[in-house]
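Each of the next two complexes has chain A plus one other chain: chain B in the first, chain C in the second.
Here is the complex of A and B:
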C-alpha cells in the first residue's frame, strides 16, 4: 500500500466530482434529490467522524449544531438578502462559534457527562425557535436559494440545482477535512484521543486541541444544516429532532468512526434504508405496522452487526486485513 | 494522508458508472399522471410512528376504510382508488423525502391530507407541487395561510383556522359569560398567537393569560397553571392547547379538585385522546367544546351512522373518534370531487371542480366549505356543545347551532347553512 500524493489526491476529488456531474444528468429527479440528501449526510457525518473518531469526544447534539447553521443561513438570506453562497459561509461561522462555546465546556467534560450535555443541547436548542418570533416558531421560515441560473437550460430542475450545490459543498468540505486530519492538528487529536497524558507530555495542549476539534466539527455541521434546509426549502425546529442526531451517530458508526474514507457508506445507508425497507415490506405484502417499523429495525440490526463484526467500520477492516496480508508477504 | 490505491479508484468509478446507467426514463403518459384504466392513485404522508402520531395514525386506516367501501361498490367511474401512505414521523425532512417518492416514483395523481404546518410548508417550498400542478387536497392543519391561492395555488385547506375558532369562542363568551372572569391557557408559539389574534378581534379581555412552551406540558406544570388561574379567580378557563396540555390540565385539576367552567379548543378537545391518557370522563362533564363535524356518537346523523358502520367492519375494535371521522370525510369529499371531475379526471379538472363546485359538494361537516377560485379556505365554523357525563361532546339542547366567520375581521354569525343530503349509500353522485 502506498499513499497518494496531495496532487493525486486532489485529482481524485476532481474525477469523483466529474463523475457525480455526469451521473446527475443521467438519473431521474427522485435519485437526484436522494443524491443531494446523501451529500448533506456526508458532510454531517464527516463532521462527527472528526469529533468522535479523531478527537475522541462524543456528541449527541450535532442536530442542534446543524440547526444553528440552518437558522443563521436562513436569517442572513431572509433579513439581509445576502447572496446564497455567502449564507453558507455564515452558517459555517455561526455554528463554529456555537461549537467553540460548547467545546469550551466540553473540554472539561468527558464520557457520559459530555454525552449528556450535548444531548440536552439537541433537545433544547431547536425549541428556542418558539421563543423568538423572528425564528418563525413551529411553522418555520422559508429558505429559498432561488431558481437555477437560466444559463443551465430550461430542463434544469430545482432538485438538480440542490444536488450540484450540495455535492460541490460535500466535495470541498471532505477534501479540506481530509487535509486537516492528516495535518499536525489531526495528529494532535489522535494523540490526545489515544492517551491524553502521553499527548500532554509530548507538549500538546489537549484542552485547546479539543476545543479546536469541536469548533471545526460544528462549523462543518452548520454547513450541513444550511444545506439540509435548502433541500427542504424551509427551516423549522421539527426538522432537527433528536432522531437526527442519533441518525448521524449511526451513520458515523456504519461508516467506521475512525476513518473518513468510509463516510459515503453511512450516508448512502441512511438514505437508502427507508426505500429498501419499503420495497421489502411491499414484496412480503405485510401489514402497516411492519412497513412503518421496518426501516428502524434494519438500521438497528445493521448497527449491531457492524459493532459486532467490523467495529472500526468496513473500510478500516478491509485496510487492516490488506496490511496484514502485505506484512505476511514480506515475511 | 490516507493511504489509497488505484484499484479502489477504479472500483469507485465503476460503481458510479453503473449507477448512472441505471437511470430510469419517464414513460410518456396518455392519461393524467396517477390515473390508470382501472385505478386512481392518491398519496398521503403523516406521522404513523413517534410521539406526534397518537390519534393521527388512525387517519389513513379511516380513509382506506371508506375507499375500500367505495371500490367494492364500483369505485369512481369504474376506477378503484388506491391510497399510498408513507410515514413522515412529523419531520419536515422526511415529509419532503416521502412526498418526493409519492410524486416522482409512485406517480400519484394528488396528495391527500398531509399533516402539520411545517411539513406542508416544506413540501410546498422544496418539491413545489404548485409548479408541478399537483393538487394538495385537504391539508390537516389550522394554519390559515394555506387558503391563500396566490401562495399555494394547488393547496386546499379543510380545518377551520385557529383564528376562526378563537373568534367563535369569543362570541359564545360574550353571549353567555358576560361579566365573568375569563382565563386562557395557550401554547406560546404561532398556534397560540393565532388564538390571541382571534380573541382580540372578538374583543375579549382576559383576567389571566397563561402561556406554556410546547413540550413543557405535564402534571407539574399544570399545577403551576392552576395556581395562576386560582389567584386570578377565573370563572371560565379556556384550554386552547394540544391534547397533551388539555389532558395534563384536566387530570391535575381532578386531583386538586379545581373545577371552573372549562372550555376546550378543538385541537386538544378530542375526548377519546384525552381519556386515553387516564383522565376520568367525569372531569369533562359540562365542559364546553367546539367541532365542525357532527358528534361522533350521534347515530341519528346519516353520515355518522354509515361511516361508523363501514369503519367498524374495516377496523374492528378501533374507536370511531374525531380523527376517524375527519379521515373518512376527507376520503368522501375526494371521491365526490373525482366523480365530478369527469370520465377521465385530470389534475386540472379536479381542481376546477373544487374551485367552482367545492363549496356545494356533499360532506358530513355542519359548516360550509369556502372554496372558490379566489380562496381555498376550508370549513368556516363550529357548533358549540357540552361534554356528557361519559365524556362525549354533544350539541347544546340536542340541536346543532353553528357559527361561521372568517380568518380576518369579519363578524361571527349564526350559520344558516343547510347541509346537502348524503348521496345514496354514501357513494359519490
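Here is the complex of A and C:
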C-alpha cells in the first residue's frame, strides 16, 4: 500500500514539520490556536482510523479514552509536579491501560454490540468526575503546561507554544502510526477485518490482534486528550461530551477510515466547521437557536452524506477511480 | 418499606426501558441494524407530544399523537435513509459499520434540528395524574398514581403488540420477513413494506418511552436531556440482555435492568447512576453473551 520506505517517511515528516514551523511565524494568533486544534484532531482521528478502518472495530467511546488521558496527565502534573513532557507519556500509558481493558471486552464483541458498549462508556465515564473530589467535579482541574522557554525569544506567544507541542506530538504519532500500519500488525488487522476466519487460518490470533489495536488506539487517544486539555487550559467532564466522540467519528469517516493519508481532511474540516457555520449563519441572518446549533447540524449532516455516498472517504474514492482509469488505459 | 419502594421504582423505570428495548428489537428484526437514533426519535416524538399537550390540553390525546408522529418519522427514516444506505455501502472496509455510523449521524442531526426549532431551554409536560406517592399504613411510598398509570399503559401496549404479532396476518408477515426475508418474499409478502412497518412500530414504542421517561422524571426535557442518553443506553442494554431478537426478551431485559439499577442506586450509591448500566452491560456480555432468550449463534452481526 505504502511504497515509501519508513526512512523516507521520516524525511517527509521532517520537511512537513519545518514547513509548519515557517508557517506558524507568519499567521496571527487565532490561526495558530486553530493549528494547535488541528494537530490535536489529527492525533485523535488517526487513533480512530487505526481502530475502525484497520481493525474494523467501532468505538463511540474515544471521547472517554481522551478524558482518561487528560485527567491522568493533569493529576500527574498537579499532584506530583512531573515535567510536562513526562505527563504526556503518562497520558498515553493510562489511556492505553484503559483501552486494553476495554479491548479485552471488545474482542469478544462485534459491530453494534461494541458500538453500544463504548457508547455506554462515553455516557458513563465523564460522570465519574463528580464522584471523586480529587477529579475536581463539574468545574474540573487546571492544566498548565507553563510558559514557553525564554530561549525561544520574547515574542514567542503561549498559543505558539501550544501549537509547537501539539504539532510535534502529531508529527511523531502519525509517523509512528503509519509505520505500525504498514508493518505486520497493520496487515494482521486488515486481514482480521476483511475475513476473520481466513485470518485465523493464516495463524493470526485475531483476538489478541484486536486487543492490541484497541490498546494502541486508546494510547494515542489519551495523548490527544492531554493535548486538548492543554489548549483549553482545564480538564472537566464538559470538555469530553458525547458530541466529541461523534465529531471524531465524523472526522475519521471524512478522512476515509481505511487510509491514514486523508487524516488532515477530517481534522481541518472539524476545526473549520464552527467558522463556516458562523459565516453561513451571518449570511442568512438567522436567529440565535439556529446559529448555536448549526455546527452540530453540519457535522451530523456531513457524517450521513459521507457514509451514504463516499463511504470509504475521498482519498480512497480518488484512488479507486484512478485505478479504474489505469485499467481502462491498459485495455 | 425501602425494599418495596426499590422494587416498585425499579419496575416502573424498567417498563420504560422495556418499551425502548422493544423499539430496538423491532428495528433489529426488520433490518438487522441497531438504530442509535432511536433516542433522537423518542425525543422528537416527545416534542410532538408537548405541542399536542399545550394545544389540546389532554395528555391522553397527546400520547397517541406523539406515537403517530414517531411512527411516521421512523418510517420516513427507513424509506429515505436506510434503503439508500443498503444500496450504496454494501462493500468496502466499513460496510459493516456504515449503518451504525449513519444512525449516529441521524441522532446528531435530529438533536440539532430540534434545538433549532424549539431552542435549547427546558420545556415541560405536566404529569396527567399526581406524582405524589401513595400512603400505606401512614408511610408515604415513592410509588405514585403516575407510576401506576405508566405501568398499566405499558402493559396494555405490550399486550396489544403481542396480539398483533401472534394473532394477525400482519404479525405473521412481520415475523416471517424477520426470520426468512427471501422465503417471505417468495410467498408473496412485500418485505420492503413490512420492514417500513417494523420501523414505524418501533417509532411508536420509542415515542411512548420518551414521553413516559419525561413525565416519570421531573417533567422537564430539553435537546440535551441526560434522561434521553440514559434511555438510549438502557434501552440498548435491555435489548441486549433479552437477546436482541425477542420481544419477550426485551421486556424481561428492561424489567431486570430497571430493578438492578434501582437496587444499586438505593442500596449502594446514587452517584453510580450513569456508570452502573455500563458495568451491567459488560457483565451480561461476558457471562451470557447470547442474552437471556437469545439465539444460540452468538453475537455476530
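In the analysis below, the second predicted complex is superposed on the first by the 329 of 331 C-alpha atoms of A that agree within 3 Å, B and C clash if a C-alpha of one lies under 4 Å from a C-alpha of the other, contacts with A are read in each partner's own complex, and residues count from 1 in each chain.
In this text, contacts are C-beta pairs under 8 Å (C-beta built on N, C-alpha and C of every residue); 3 or more make two chains touch, one makes a residue touch a chain.
Quick caveat, the model's predicted, so the values are computed rather than measured.
When the two complexes are overlaid on chain A, chain B and chain C occupy overlapping space and clash. Look at A:112: by the touch rule set out above, it reaches chain C but stays clear of chain B.
Legend: residue contacts after superposition of the two complexes on their common chain; A:88 is shown touching neither chain B nor chain C. Looking at the shared chain after the overlay, A:71 reaches neither chain B nor chain C.
Once the two complexes are laid over each other on the shared chain, residue contacts for A:127 go to chain B and to chain C alike. Of the two partner chains, chain B is the only one that A:37 touches; chain C does not reach it.
In the superposition on chain A, A:164 makes contact with neither chain B nor chain C. When the two complexes are overlaid on their common chain A, residue A:250 makes contact with chain C while staying clear of chain B. Shared-chain residue A:297: touches chain C; no touch with chain B. Judged by the document's definition of touching, chain A residues 127, 130-131, 243, 292-293, 296 lie at the interface with chain B and also at the interface with chain C. On chain A, the positions that touch chain C within their shared complex are 52-53, 56, 58, 60, 105, 108-113, 115-117, 119-121, 123-125, 127-128, 130-131, 193-194, 242-243, 246, 249-250, 253, 257-258, 289-290, 292-294, 296-297, 299-301, 303-304, 307-309, 311-312. The part of chain B that touches chain A in the complex is made up of residues 1-5, 9, 12-13, 16-17, 19-26, 48-50, 60-61, 85, 87, 89-93, 96-97, 100-101, 104-105, 116-119, 121-122, 124-126, 128, 143, 188-191, 193, 213-215.
By the touch criterion given at the top, residues 1-6, 9, 12, 15-16, 19-20, 22-23, 26-31, 33-34, 37, 127, 130-131, 133, 136-140, 142-144, 158, 178, 182, 228, 231-234, 236-239, 241, 243-244, 259-261, 274-275, 278, 288, 291-293, 296, 319 of chain A touch chain B in their complex. Residues 33-34, 36, 81, 84-85, 88-89, 92-98, 100-102, 104-109, 111-113, 115-120, 229-230, 232-233, 236-237, 240, 271-278, 281-282, 285-286, 289, 299-301 of chain C are the ones that touch chain A when the two sit in their complex.
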